[in-house]
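Below, subunit A partners subunit B and then partners subunit C, in two separate complexes.
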Partner chain A sequence: MQARNAGWWALLMPAFLLLTVFYIAPILQVLSISFTEPELGFGNYERILTNRSVQRTLSTTGRIAGITTVLALVLGYAIAYSVTMASERARRWWILCVLVPLWISVLVRAFAWVTLLRRQGLINEALIGMGTIQEPLELVWNEFGIIVGMVHYMVPYAVLPMLSAMRDIDPRLMTAARGMGASRWTVFSRVFFPLSLPGVLAAAVLTFILSLGFYVTPAILGGGKTLMVAEWISVQILDLIRWGFGTMMATVLIVTILVTLGVFSRIVNMRRLFGGGH
Partner chain B sequence: MTLELHGLAKSYGSFVAVEGADLMVGRGTFLTLLGPSGSGKTTILSMIAGFTEPTSGQIFLDGKDITSEPPEKRQFGMVFQGYALFPHMSVAENVAFPLRVRGMSKAEREEKVRGALDLVQLSRFADRLPKQLSGGQQQRVALARALVFEPALLLLDEPLSALDKKLRAELQEELRALHRRIGRTFINVTHDQEEAMSLSDSVAILNHGRIIQLGAPEALYEQPRTRFVADFLGKSNFLPGTVRELGQGTLGVQVGALRIRQEPGAAKVSLGAPVLLSLRPEKIRVLGDADTADNVLEARVTSWSYLGAGFSIIAETAVGPLRLAMPAWHAPFHPAEGAAIRLGWSAEAATIVEDDDAGA
Partner chain C sequence: MLQSFQQDCIALLREKLAKGQIDRRQLMAGLAALGVAPAAGAQAQGTRDIVMVNWGGLANQGFGQFYGDPFSAANPGYRVVQDSTGPSVGRIRSMVESRRVTWDVCDSSATGAVLLGGLGMAEKIDYSVVKREDAIGPTFTMEYGVAPYSFSSVLVYDSSKFPTAPTSWADFWDLRKFPGKRLLRRDATCVLEAASMSLGKPLNAVYPIDTRGALSQVEKIRRDCVYWNGGAESEQFIRTGEAVMGQIWHTRASVLQRESNGRFKFIWNQGILQPGIQVVPKGNPAGAAVQRFLASMMANADGQVGLLGLLGNGPTNPNAASRVPAELKQFNPTDPANAALQVPLDGNWWGANYQRVNQDFLDTVTG
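Moving on to the complex of A and B:
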């Protein structure tokens, strides 16, 4: 038995070594800079407590990731529910529609939102043309713009785990509940929704974690005025050459993500989240 | 409580699932809809429950047309195929569900749930989740849940099909006892003829979307109206022949070279008309040397098997192979391949049936 297990581990070794040597070790090395530059110690980490810019970036990131997660979940739930209830034929089209945005570069989508949302963009022009507003609305280069772009990016990631959970629900349960005298709303709130919750939680973890480390969309739609963690790190390291300060934030981000995963893995089946077998 | 179906039909595009079903189910009856898969039995049940909208026809409950009422208004209890227990609720919560949606108070709910669980002897398992129960226990939870709000009519969709044979027999008895005890109307759907016969007061046999025959299990077995009924309920030999004699009380039916004496029963026959005789295997006797019968036939055993209680024998005769069942206890001979025997049956043993070409 042990010998056999050892054999399997041997098969994993090349991949494990590759990952350790070229991925984990460099990351640890970079992260360790946060303890060594500009001087040895926890100096960089103390600034979480004292530096306003660090605090603002962290709270902005948390707020935007939180709002994005909630909105993506609400929209994604509606889509996943429609797909689950749709006929087999319609379902395939729905899923295609959900997946197509995933195949389009995040850069392209961010710039597409800029052209739609900017002061002379389609939306402002249309609203002014209809006489709804006099002055163009500030739709982009602020938190609002970032959230629009991020929600748009996250919805497919929210839909997929929820869709998988919903499709696991035996449709006969809903029929049975109706037959026992439950209204449509009761069937949803007492049967369908509780059974879809594992998928909702999985989707929440996935979108929240992805949102925390988002770089491209906030950088473009935030216009450099609203900084999220990833962009802040890049500014520290590439523009200000403050490696210790930047890698400190990277460490904070990674620890936050690991803690979030750790907490949720106690509630949700992680294998479902990452597409493994049940 | 009387449930009536008037010309109830359902078609999906050009496919006719149910073709004008007429039925009347009286209070306290245990009716079974029996048929092979695709015979329309589940569709009929689904239309009674309100899950499927009939293409035409009506359903009356105590004289009131309920055809267009949604399922939750009909107030019928239902045991679903595979039970459909809510996996996120405990046994007690499952059983309380129909009461909860009716807005019943907590105290009242708890009392009813306790009563329903007692009825199916599951009180000890109230706090378990469905997946922690065996198949038979799950089935009983489904039953308790369907009965807890005291519906006038209980619908059962293949309630025992997921259970193994021994457990099925046990639950059949329980179900029958339960029906007697609470005196409500049960409508059951199954493809298992044994289950249908042992449970029901009344059985409707369906094929290709039509009710072929309705009656008590015994009447159906003894007096099948058509070849399909005779073949589906138990086993039967079919002898095609022509009426050659119209005597007093008996007919002479020519089957191949053999003239068979046969009581006409309910069938209307005329001289020269083709008829089909259905002859149950257990009604053919193996005759001793001195024995006689209305119909006697020389035969040769071609194959046989021992089934404990009896032998099942296939014997080649002048009218083709005949299947017969012979009790093993005090058997007149021990079967052997090639053994020559004499077979006999009385004039009332066979039934004249309509040939609806069930074999096809």
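Moving on to the complex of A and C:
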């Protein structure tokens, strides 16, 4: 038994060493700047408690990521449910439609939303043309625009874990419930929904974590009025060269993500997130 | 692609050079023995590269044609190479700190020169080689950088939206008389100058900036503003009607005015005239030769006028303004008539205050 295990470890070693040397070590080196600059100690981390700018960036990021997660889950649940209930042939087409947006660059998608949402964009022009509104609506260069862009990006990530959870549900359970006289709503709310919850939770974790680190979408659709963590870090590192301050925020982001993953891995089967399924 | 043995020999020679096991002459002899012709990036046959880093777009062509080529022609053996990866101060710092400097001249800013100089990450300008009298003013010759071109942040507006034309930053801040969205750069530089002037500060009393007063002025209109990060973006905001009045670079404003046949107009009055400061990272590969290149860019009035024609960057050589063709004069920020209306940026004030003030500015506009 021992010898067999040693064999597996030997196989893992090259990848492990590669990751440690070229990925983990440099990241730790960069993050350590947050403890050494401008002076040795926890000065940068103190500012989480004292600095208004840091607090606002963190709360803005948390708020936008939270709203995005909720909306992506609601939309994604509806899609995943329809796909699960569809015929085998239709299901393949549905899944393709969910996947296609994943292959389009995030930059292209953000600019596409600008074209749709701006003052002289398709939506405003159409509404004005129909006489519904007189003045163009402010659909972009604010948090609304950011959330539209981010939800659009996140829906496929929400659909996939939920779809895999829903397809694991034995359809005979629903048939049995119907046979015993339950209404359609009762079947859904008492049988199907509770069984799909692990998938919902997994999707929530994935969407929330990805939303925390968004850079391009808020930068383009926010009109410069909203700073999320990723862009805030970039300003500190590239323009203000306050590396200690910037890497502090990077550390906070990484720790938040690891803690979220740690907490939820006790509740949800994390393999579902990364495509393991069963 | 599979590496040939010869390629590996060349690689090995370069490694030895890097480790100091052989010197450059031995490298050249070795390369010659291997029958290597000078290729891109190779410094064979004594050609020395000066790497100039810009922010992309037409700058690659313009800087090569009007700065690089004249220098190479006058100094055989030197070749000026353009790199458009964007030399932000953060990237220069990381390059200098890791002691792998591959850039010689970086298209930075007055603030960048002071910040990097203060950190010991920029080479001083050698004013025994570069001539101060080759620049029209002290704005363009700093301790850690010189400016072979200038640009300005000007007021641009959509003339179809207003019966009377705005003439000052006071009008820019007057949302009642000139209703509509405003456009500002998401950076405190120049915005705070404009805010100060909107409060009635005359051109010669803008510095030192009353940051508290200027920031509260920004606070007043921040909800009626959109903010740009890149030049192309700023042009797009005005062109598509997202904003009716803005503070943008004169190069973009000139394009808007020309292409819209005068629907979009800009004014030089109370513009902020800035130096296009070139910075040399500490320990640059070309060494002291870069000072001669800087001197050549500063002295080359005709090249600077050529660049004005291509990109719109204003010349800084005192002999240049009179050589500008008549139809271009109205677009030249350093034309004496236009320069008199603007306030020259105080790079030293910004260098000393940028980190703090720009953070406060970002907090104000994102609040």
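Keep in mind that, in the parts below, the second predicted complex is superposed on the first by the 277 of 278 C-alpha atoms of A that agree within 3 Å, B and C clash if a C-alpha of one lies under 4 Å from a C-alpha of the other, contacts with A are read in each partner's own complex, and residues count from 1 in each chain.
Quick note on the criterion: contacts are C-beta pairs under 8 Å (C-beta built on N, C-alpha and C of every residue); 3 or more make two chains touch, one makes a residue touch a chain.
Predicted model, so just to flag it, every value in this text is computed and none were measured.
**Student:** After aligning the two structures on subunit A, examine subunit B and subunit C and state clash or fit.
**Tutor:** Overlaying the two structures gives subunit B and subunit C room side by side.
**Student:** Quick one: is A:I237 in contact with subunit B, with subunit C, with both, or with neither? Answer first, second, both or neither.
**Tutor:** second
**Student:** Does subunit B (first) or subunit C (second) touch A:Q120, or do both, or does neither?
**Tutor:** second
**Student:** Just checking: does A:E39 make contact with subunit B only, subunit C only, both, or neither of them? Give me first, second, both or neither.
**Tutor:** neither
**Student:** Per the contact definition in the header, classify A:L195: touching subunit B only (first), subunit C only (second), both, or neither.
**Tutor:** The first partner, subunit B, only.
**Student:** Could you tell me if A:E135 is touching subunit B, subunit C, both of them or neither one (first, second, both, neither)?
**Tutor:** After superposing on A, A:E135 lies clear of both subunit B and subunit C.
**Student:** Counting only touches as set out at the top, which of subunit B and subunit C does A:E88 meet: first, second, both, neither?
**Tutor:** A:E88 sits against neither subunit B nor subunit C.
**Student:** Upon superposition of the two complexes, what minimum C-alpha distance (Å) separates subunit B from subunit C?
**Tutor:** 47
**Student:** Which part of subunit A faces subunit C closely enough to touch in the complex?
**Tutor:** 52-53, 56, 60, 118-120, 141, 219, 223-227, 235, 237-243
**Student:** Name, in rising order, each residue of subunit B that touches subunit A in their complex.
**Tutor:** Contacts found on subunit B: 49-51, 70-72, 75-76, 78, 80-82, 84, 86-88, 97-98, 100-102, 145-146, 149.
**Student:** Going by the contact rule at the top, pick out the subunit A residues touching subunit B in the complex.
**Tutor:** 170, 172-173, 175-183, 186, 190-191, 194-195
**Student:** Provide the residue numbers of subunit C that touch subunit A in the complex, in ascending order.
**Tutor:** 88-91, 93, 115, 119, 186-187, 222, 225-229, 240-242, 354-355, 358-359, 362-363, 365-367
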